[in-house]
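Two complexes follow with subunit A in common, the first pairing it with subunit B and the second with subunit C.
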Partner chain A sequence: MRSIVNLVVIDSSDSLRPPAFDIMMIIISSLGAALATIQPISEPHVAARIILDPTLFAATIFLALRGSAGIAGLIQRGIMDVYLSYPVSRRSVFLIIYISRVVLPAGTLLVSPLLVAAIVLFPVVSRDPASYIIVFAAYLVQAVMFGSIFLLLGLVARSTGSASVASITVYFAYNITSLLLSIIGTTLRSDSMTSLADAMSFYYMVYRSMLGVEVELWQFLLVPAILLLVILAGYIYFTRRFEPR
Partner chain B sequence: MEKIVVVSEVWKRFGKVQALQGVSLEVNKGAIVGLLGPNGAGKTTLLRIILGLMRRDRGLVELQGRDPYRDPRSRHGVGVVFERPVLPESLPVKELLMAAARIHGTSKDQVDEAIAESGLEGHEWKPFNALSAGLKQRAAIAHALVSDPVLLIADEPTSNLDPLERAKILNLLVELNARRGLTVLVSSHVVSEVLRVSQELVIMSRGRVRLRGPPEEVLGGLNIVRVRTSDPESLWKLLSSAGFEARVSGLNVELDVDGAHGKLFKVLSAAASQGLTIYSVDFVEAGLENVIGGEDA
Partner chain C sequence: MIRELIPRILVLVGVAVILAALIAEAVGAKDHVEWGVSIDTSSNPGAAMTVFAFSSSGVVSISVEGAKSIYYMKLKGDPMIALRQLSTINISLVDQTLVQDIRAGVAYGAAGLKTNPLLLKALPLLANIIPVEVKTPEGGNNSLRIALHGGQGVLVVVEPDGDRVTFSMEYRVTGYRRLDTNILIASGFLVSVAGLVFYRMLRSW
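Up next, the complex of A and B:
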């Protein structure tokens, strides 16, 4: 455990290194503060959604550009060799890079504007902080799902440019698919297509259920299932196939 | 004699390239073993397989009695210096070394000792990316030493360094071996460097171990040497004044060393420190031409 914590410290010094990460955090936090002040908001979960919608986009693009390329760069520069030469198992190294390249950046980028907004909107948020946090957790799951895909692409691509391009392509392909399903479903009045389009946004399912709209179980499970599958694929690839060259 | 590394009949293929072909090797505790061969001989691949960074296709590898690919405990007390000195860039080197020491389960004193031994004092609070090439290599060596190693694996530790820095790094390896009983497995494509430090020599080419044994035994039978240099006339003069009968042919100087390999490499080291560029040293004998070759400075 001590090895894992120390290696997370070492790797996050690289993954969260200034100035790019700091600048991004300041921009997103300012955005959170601006969104919290420019419109009247009466419910905590509505506040969370208004702030996190644009934040998720910015955080995901950041993860696609920095996270994925960061992993590829780690391999290209030979730092992965250093990590794997420690007396630490591959399982642990995978966990470490997952924490410092996906969970920590995604969590920090989402939580910072939310904290700023919570201060600005304290009277609203303090009425029901749990719902504010639940919406945050739902957005975090979505961001971590994208981050996990980008991590896998970074491990496989091994070149920073290819990793970034592949990640951005996958991100937009995912969102365009969701949008097309929604448009086609609405046009053809196909509930299954619109339901699938909605289910591709986990935070939207959580938000709708908080508004009292009925959400089917599979719609809740789609994004977490993709997340688990991607983590499993990354884990198997890294522990059984991956070789830094 | 206790064996710290055992490699037996190891094969490794990358796509169409057969990188290792039945390589066998043993490293005894306390020895300095030099792994010598031209670029592409398979030295780095072999070292990575010994460290467990890569899978082998076939064969057996034991590092401290364990399979390094499956058992990370095999890397306890193993320090590594990679060809390119790389460490995470933005942390001050000392902080990085402290974290690495905690990973290895060694103390803060070990960090201070590693900094002193590697000659990094005065630079330990700088981030890695602010260091010069020589200091980066020293930081990489300090990083290898914080594990309080029983074995140091160094993959071309002197590449990209100037002759003075090269000499310092090589002296450090010899010193650590003498003082701590540190086992060293060092690879290089530069003959003079490996000969200077090694008690045992392993010569590789095209993924195979060609020769193995004490340096004098390995090189004893190889007497016709061709040295490629930037200034053959000056080298010829140096060799002649050392008593060698040499002849110049283009950029090459050829000579019969007649068993005096140590003397030859002293002359070549002296020539290199005088600023002469030695491009390669080839043993021109019995199909072994180009077994050893490469760039020197």
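Up next, the complex of A and C:
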């Protein structure tokens, strides 16, 4: 257990190293602060959504560069060999890089503007902190889903350039697919297409359900199902097929 | 380096809070907005106005002049859903005006409606598609007063009595409060100092 914690600390020190991480954090926190102060947000879940919408984009780009390209860099520089020489199982190493390259950066980047907004809008947020946290959790699931895909791409690509380009392309393709489904669905008056486009954003489904709009069960489950599949694929690849050289 | 993450976050959050206080002082939120528009209905069988509280909650008062009948519905979520529903029943918008007032947390707009006039009369029957309530006009000026939560909107559809329909809207924000600017600056300063102290403590261990 101590070895696992040590490796998490070592790898997180690389993935969250200043100044890039700090610059991104101060920019998105300031942006969150600006969004929280220029409009009269009256409800905690609305505040969380307004602040996290632009933050999710920034966090995803960070995950593509530090998560995906970062893990490819570890392989290129031979550091993954060192990680795998630790007296821990491959399963544990996968867990470690998953925490330090996906969950920790995504969580930290999403939580920092929310902290600022919680202070600024304390009288509003304190009325229903649970809904504030639920919206945060929904955005975190979406960010972790993107991060998991990027991690898998980084492990497979093994080149920092290819990993970052592939990750950003997948992110772009995912969003454009959602947009196209929405446009085509609206044009063809197809509810199933627009529902699918909406379901590709887990946070939007959670937010809509908090507004009292009816959301079907499959729409809630789509993104978590993709997330589980990608984690499983990454886990199987890393523990059975991955060779660091 | 990772153990310094919490002090780093505290310092940055403190700076962002101070920045928030300065932004709030310079371009703070508004708690009240008024707007009016007149729609030419000589070539359109109807007119519509929408108010969507995208970030604030509040009470909207809408006055309508020149209406034979008025229908309105409250919407939850994205106003695009309402537009989709309107196009589903062959009502299209012309001469649209849309204002997004971010400082009041509300978007509002009006448009002429191109459709079959019979369809407008039939709107209350389409309650399964759009829940519609009918407001019978009394005299020339009719008003609606509706409370909106964040993410809710209202769509008012009017069958005109003459060549023009005039909408007047007043929106008052409710439930919004933020910490006072001085308290925000003090809190930001304290959070940053706490981060620095924490950092010093970690370095000395």
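Criterion: the second predicted complex is superposed on the first by the 245 of 245 C-alpha atoms of A that agree within 3 Å, B and C clash if a C-alpha of one lies under 4 Å from a C-alpha of the other, contacts with A are read in each partner's own complex, and residues count from 1 in each chain.
By definition in this document, contacts are C-beta pairs under 8 Å (C-beta built on N, C-alpha and C of every residue); 3 or more make two chains touch, one makes a residue touch a chain.
All values reported here derive from a predicted model rather than from experimental measurement.
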Overlay on subunit A: subunit C relative to subunit B, clash or fit: fit
Which of subunit B and subunit C A:Met25 touches, first, second, both or neither: second
Touching partner for A:Arg17 - first (subunit B), second (subunit C), both, neither: both
Touched partner set for A:Gly78, first subunit B, second subunit C, both or neither: first
Which superposed partner A:Gly107 touches (first subunit B, second subunit C, both, neither): neither
First (subunit B), second (subunit C), both or neither touched by A:Pro87: first
Which superposed partner A:Pro224 touches (first subunit B, second subunit C, both, neither): neither
Contacts of A:Pro244 with subunit B and subunit C, given as first, second, both or neither: first
Subunit A: partner with more touched residues, subunit B or subunit C: C
Partner chain(s) touched by A:Val9 [first = subunit B, second = subunit C, both, neither]: both
For subunit A as apex, the angle formed with subunit B and subunit C - C-alpha centres, to the nearest 10 degrees: 160
Which of subunit B and subunit C A:Val116 touches, first, second, both or neither: second
CA minimum distance (subunit B, subunit C), superposed complexes, angstrom: 6
Subunit B and subunit C footprints on subunit A, overlapping residues: 9, 13, 17-18
Residues of subunit A that touch subunit B when the two form their complex: 2-3, 6-7, 9-11, 13-14, 17-18, 77-79, 81-82, 84-90, 92, 243-245
Subunit A-facing residues of subunit B, complex: 14, 48, 51-55, 72-76, 78, 80, 82, 84, 86-91, 96, 99-100, 102-105, 143
Touching residues on subunit A, where the partner in the complex is subunit C: 8-9, 12-13, 16-18, 22, 25-26, 29-30, 32-34, 36-43, 45-47, 50, 108, 112-113, 115-116, 119-124, 186, 189, 194, 207-208, 211-213
Complex interface listing, subunit C residues touching subunit A: 1-3, 5, 8-9, 12-13, 15-17, 19-21, 23-24, 27-31, 54-58, 76-77, 80, 84, 87-88, 102-105, 149-152, 173-179, 184, 187-188, 191
